[in-house]
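Both complexes below contain chain A, partnered by chain B and then by chain C.
What follows is the complex of A and B.
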């Protein structure tokens, strides 16, 4: 499987305003399709119990009086923030690889392996949270390096390798954690890994930032400074890509590997490094989620790959591969999936949110079409003006003659 | 041993059908990474039809209708890929990935809705009777998909190599500009290639689930079989005959995960996950050794633009 280096996606990253407009168009069309789908499923309840909750999502409960009394009315907003952090990271992972001409469909596997690394250090070794997070990152990087090596030295398309190693990683992690119920990390009573707050509280990412207790504000169990770490990393990635020689070399390989090689860039090293960084970002995201204590790994039920990996693709595409854009699109995708759970489940299964985000990725695949349209629309008034001034200039010339 | 043969045949036929689908799509020039999603949609449609048909229907029609609806659903779903990648010139890999994500979500929503209508449960599982699909020949239980698969294999090989359509299709994947210059409509050919892959992928999805289970949890999708089929296709060098052999080879690994308990392998004391991992590991090792000689259709992955030189 060969991929052309002249991916339209790389062209598409030009023009911030058009990218934002195109993303908004994708979102609106995706939501319209979602609404139509809701009406097909159950027209009577589609608006009030389906569409409105999806849009309001975490903010649905903010004005709820009974929840206000116990101070819980911001909890679902907290949930949105908690779930956005890993999405921003997997989005960055996909976006970073894409900028260097690689399609990292393996974020799900890197995320899984990263989660294992982080949880192992926390549950078994009782390391402090930052050390666990570092190990999660390293494990993700290791899993990302494999497709990079296969691509650079054996010329096997990274898409195929990533997909295969997604499943290899998933099964490896499940067997290591579960081990027929004897795994050291496995809590037989709850049939999932031990909760961090019970076995190793110091491995939990803190929720206090400069004296501000985030838990006090949101009252959501696993809220932590993870979201700020994700934002920080997004900015760092933006700087690396746009302001350093290293980033320039990686991008050059993405645009045209032969030309990059001719210019003296070691293209094999660049491919491997790009995948290592992409893997590290996904692993970091897994660390941010599992070390925040919100979820435990259930090796018997996790027979499907974690959705954060594939949602990362929507996040990256929606952001037009811009690292800072990933922050916003990550928050949006998290908003959407929280909204899915807010619908009245007897009428509408929460997976409808996934349908909407699937449609959004589908639209993103050809959003360059809208972008061309938007660009021509935006430039039309400017061109018209130009023409007008040209005409008046000509008229003047005519008058002078 | 008979169990090993039974499961190898089940999975081998599935991998072969789906890989043949991928083969048609890629020969026309479109990378079909959405095969996994197409399988899910086909399986979902086929199973829903199977469970909704009244019990008074004759077994033959029950089997026929569920397979036909699986094939039709796969075909319709693949049209989404064709539209995006041929008419709108979208990135084929991203379009395919989107369809994979979408397929699991749609399947879950519809299956949950169906279960909800039955008894108000939100279960993502669908239980069904598969007796009509199975036959016993001697000591082995085989299923109807074995015959369908073998017939389709022969048909695919003949269509691809012995008909005008097949040769034109392959030309579009090798050098679309040259094909166009002699009057072949590249867009039409690519549409045909993708739709055929949807048809075969849809049947493959149903063939994966029906013979080996009586209850299926759609949260799992088809657990990576579509991706494995892509590896089978590459290993089979995009040729139907070799794809058949490659599929059987991978199927042995896949079958081991189902039966290791009851054989001498249980003495090795490995977990189920390790056996599940094996086909994927095997495919990576094989790809590592064969990739240098790989001969993929030259123009695959690149959208065809008539106006471009």
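What follows is the complex of A and C.
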């Protein structure tokens, strides 16, 4: 009896579709919870001053004629896009490591060290933007490599090492930048690193893409082609994971290191490489953000790890670890946090947005549950058909015997 | 016959999984005090049926009756409440607890929260006396033999006063002596009025111990027979759907040049300070099947791991086709012509979360045939996998795209055998290649291994099954405590003689 193969493309779209629907269910339930939360805090203003701004977020001002005149209409949308780029990258960093069986909780540290690398090349060496970006990536990769080496050769859990190296990275970077006020990158007057547009304009990621001036459209200071670079990298990661022998090896190690070893895959090398790439992705994200010129590093106030690092975990989970999914979930998380800032501050703190996204991520843990339900719903009509074909196949078999 | 003659009836049970009807209208009736065997190939639906009875799955159709009354079993607790107990193939014991602690786990006798172990101990000792179950209640489970662990599991059921005892392939992990003991225990239990469901695909055991036997094939009910009215041949024909040849047909071997040359190999143990493998030397030639026989845990696993590169050896050399591969990487050993059917198919043999086709190329994905400049040629992989599936009759729900985890154990094993043999190796190392498989699959895999030999390749077989050792090999090496203690010709040696060497009672200079 010959088994018929279901078309793999169909299977994959079905799987993808379920993931998307499951994520959407998480989002809707998360938003409902958020709304309830807002009502508990302040029922009177929950809807108009709380919930609506979160949902509208950057799009709130679009179409507002008064704001258009002062050139601010699309600016908050631009802000969302700018904030999304590093989130997509840290999301990719976490997702990539996850796919290879590693939990990269160190994206924040890799991001920090990457930011330092990029800013150093820009402020001190005045290198062009792409070189700075490359160095940011390399620094992130280096910071990812360390937990990878520990894991591969000493079997020390990468979660522990990367948490440690988050803080080591953060304080090392702060110390190097500040250097008791004498740091070469440190602008004493502003108490942060020098703004790139003043000291090294050529280190800024350009905002013109094939003649389209993004700044002209969005009128947001640090808008740049960063978002497109992030999307490009997401696609590259998708290809590496799903189409190449390299991705096959890495995933095999992630699923079953013993079997990978049996298959002649160098599982130690794979672990290190997976962490190197995860670190590189986080470092690249930091480069995309700090080389866009919108933010400077403040070594005295940055006593907490950059949130982009940990939000990466949310981005990755919401995307069901799909690299292309990370693009959308990155944009969404950025949309939410921008929305949080849009709420009327006298009624609600902007952290409400974090609460909402927290609930959504928490629900993502249940997404496999949703997925199962959706799949059974989707396959119900298909099953009936299958039954019929099975029946005929069996009859045929019976005849053969 | 009165209805109540049956303690358990499973009537017209149907259970459907995505892509497969695991149980299709199956009826099973268990009499009080009988040993009822459930026979079927891998994937025939035996385990599914028992899981339904134990409350792990809910059937789509059909009902379960106990003493003639319809009962609903929604989870294992319901099953326990109905006095149904099960010894799983893989024991469910807390390794670091004592035997007694394991037995009372979940039904601990206590007074106001304080354990009353003395009563429990008395009861356990009584039970073990009555049924001839020798155990030391204070031994720690991880220190005792597999046979004793199994007796602990049986005592667990008896302690809970279960009346219906399910044994899921209980002999798969036992030595021949332990199997004999188990058979006796089962007979004692039945004589005391317990009803036993005995899942197996070993026909000799069923003939020896069971009163009746229900046969399943591909999820369907084939029939129930009295064992005293039937023969092994008839049972196997019912099970497989055709006549099965138990004797492996093979020509006398014509050993050629040396393919594998192992000299003075010593492998350190990971558990204790002694060496797990001590100064082992032998050769395997083209066109012969050399079998490394022995009781489990006598260094075979460690030796194979060192041979295949999974672990390091501390002394000795390994030469494959004249090339020293003592320090070669696993990939290079594979390239040099070594194929390895691993002992543990879940740990080493398969990436369970990969699809069948991805597993089919696990050893070869890097070959130009399957990739171009680092990009996998999906069409080539699919084509190759489809061919292997067809050629080696690997059955699965959705063919090449089936996730390996969802396949039955026998078909997982067939997939590994297909992959390793199709690599066209110079040396095939087959470790327990038919473990847990049914006669049909065993016959098939044995034929494939003989075919590899007849194609002029060398085969090193590592097996714990004496039948397999005697049937398949051209030369037998017995391993005891990490040493080779005997070399035999299967045509002249008896099973009893081999047993003595395997147990360490006799040895010769090799």
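We adopt the following convention: the second predicted complex is superposed on the first by the 369 of 401 C-alpha atoms of A that agree within 3 Å, B and C clash if a C-alpha of one lies under 4 Å from a C-alpha of the other, contacts with A are read in each partner's own complex, and residues count from 1 in each chain.
What we mean here is this: a contact is a pair of C-beta atoms (placed from the backbone, for glycine too) under 8 Å apart; a residue touches a chain by one contact, two chains touch by 3 or more.
Source: prediction; values computed, not measured.
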Just to be sure I read the superposition right, which of the two partners does A:304 touch: chain B = first, chain C = second, or both, or neither? first
Touching A:41 in the superposition: chain B (first), chain C (second), both, neither? first
Taking the superposition on A as described, I'd like to know which of chain B and chain C A:174 touches: first, second, both or neither. first
Should A:284 be classified as contacting the first partner (chain B), the second (chain C), both, or neither? neither
Which of chain B and chain C A:139 touches, first, second, both or neither: neither
When the two structures are overlaid on chain A, which partner does A:256 contact: first (chain B), second (chain C), both, or neither? second
Check whether A:120 is in contact with chain B, with chain C, with both or with neither, and answer first, second, both or neither. neither
In this superposition, the partner of chain A with more touched residues, chain B or chain C, is B
Return the residues of chain A at which the contacts from chain B and from chain C coincide. 2-4, 8
Touching residues (chain side chain C, partner chain A) in the complex: 18-19, 21, 308, 310, 329-334, 340, 342, 347-354, 358, 362-363, 365-366, 371, 374-376, 382, 386, 389-390, 395-396, 398-401
Using the touch definition up top, name the residues of chain B that touch chain A in the complex. 31, 33, 80, 84, 88-91, 93-95, 97-106, 108-109, 112-113, 116, 120, 122, 219-221, 223-224, 227, 230-231, 234, 271-274, 276-277, 280-281, 283-284, 287-288, 291-292, 296, 300-302
Interfacial residue positions of chain A with respect to chain C in the complex: 2-6, 8, 11, 243-246, 248, 251-252, 255-256, 258-266, 379, 383, 386, 390
Complex contacts: residues of chain A adjacent to chain B: 1-4, 7-9, 37, 41, 103, 105, 150, 154-156, 159-161, 163-168, 171-172, 174-175, 178-180, 303-304, 310, 313-314, 317, 345-346, 348-349, 351-352, 354-355, 357-359, 361-362, 364-366, 369
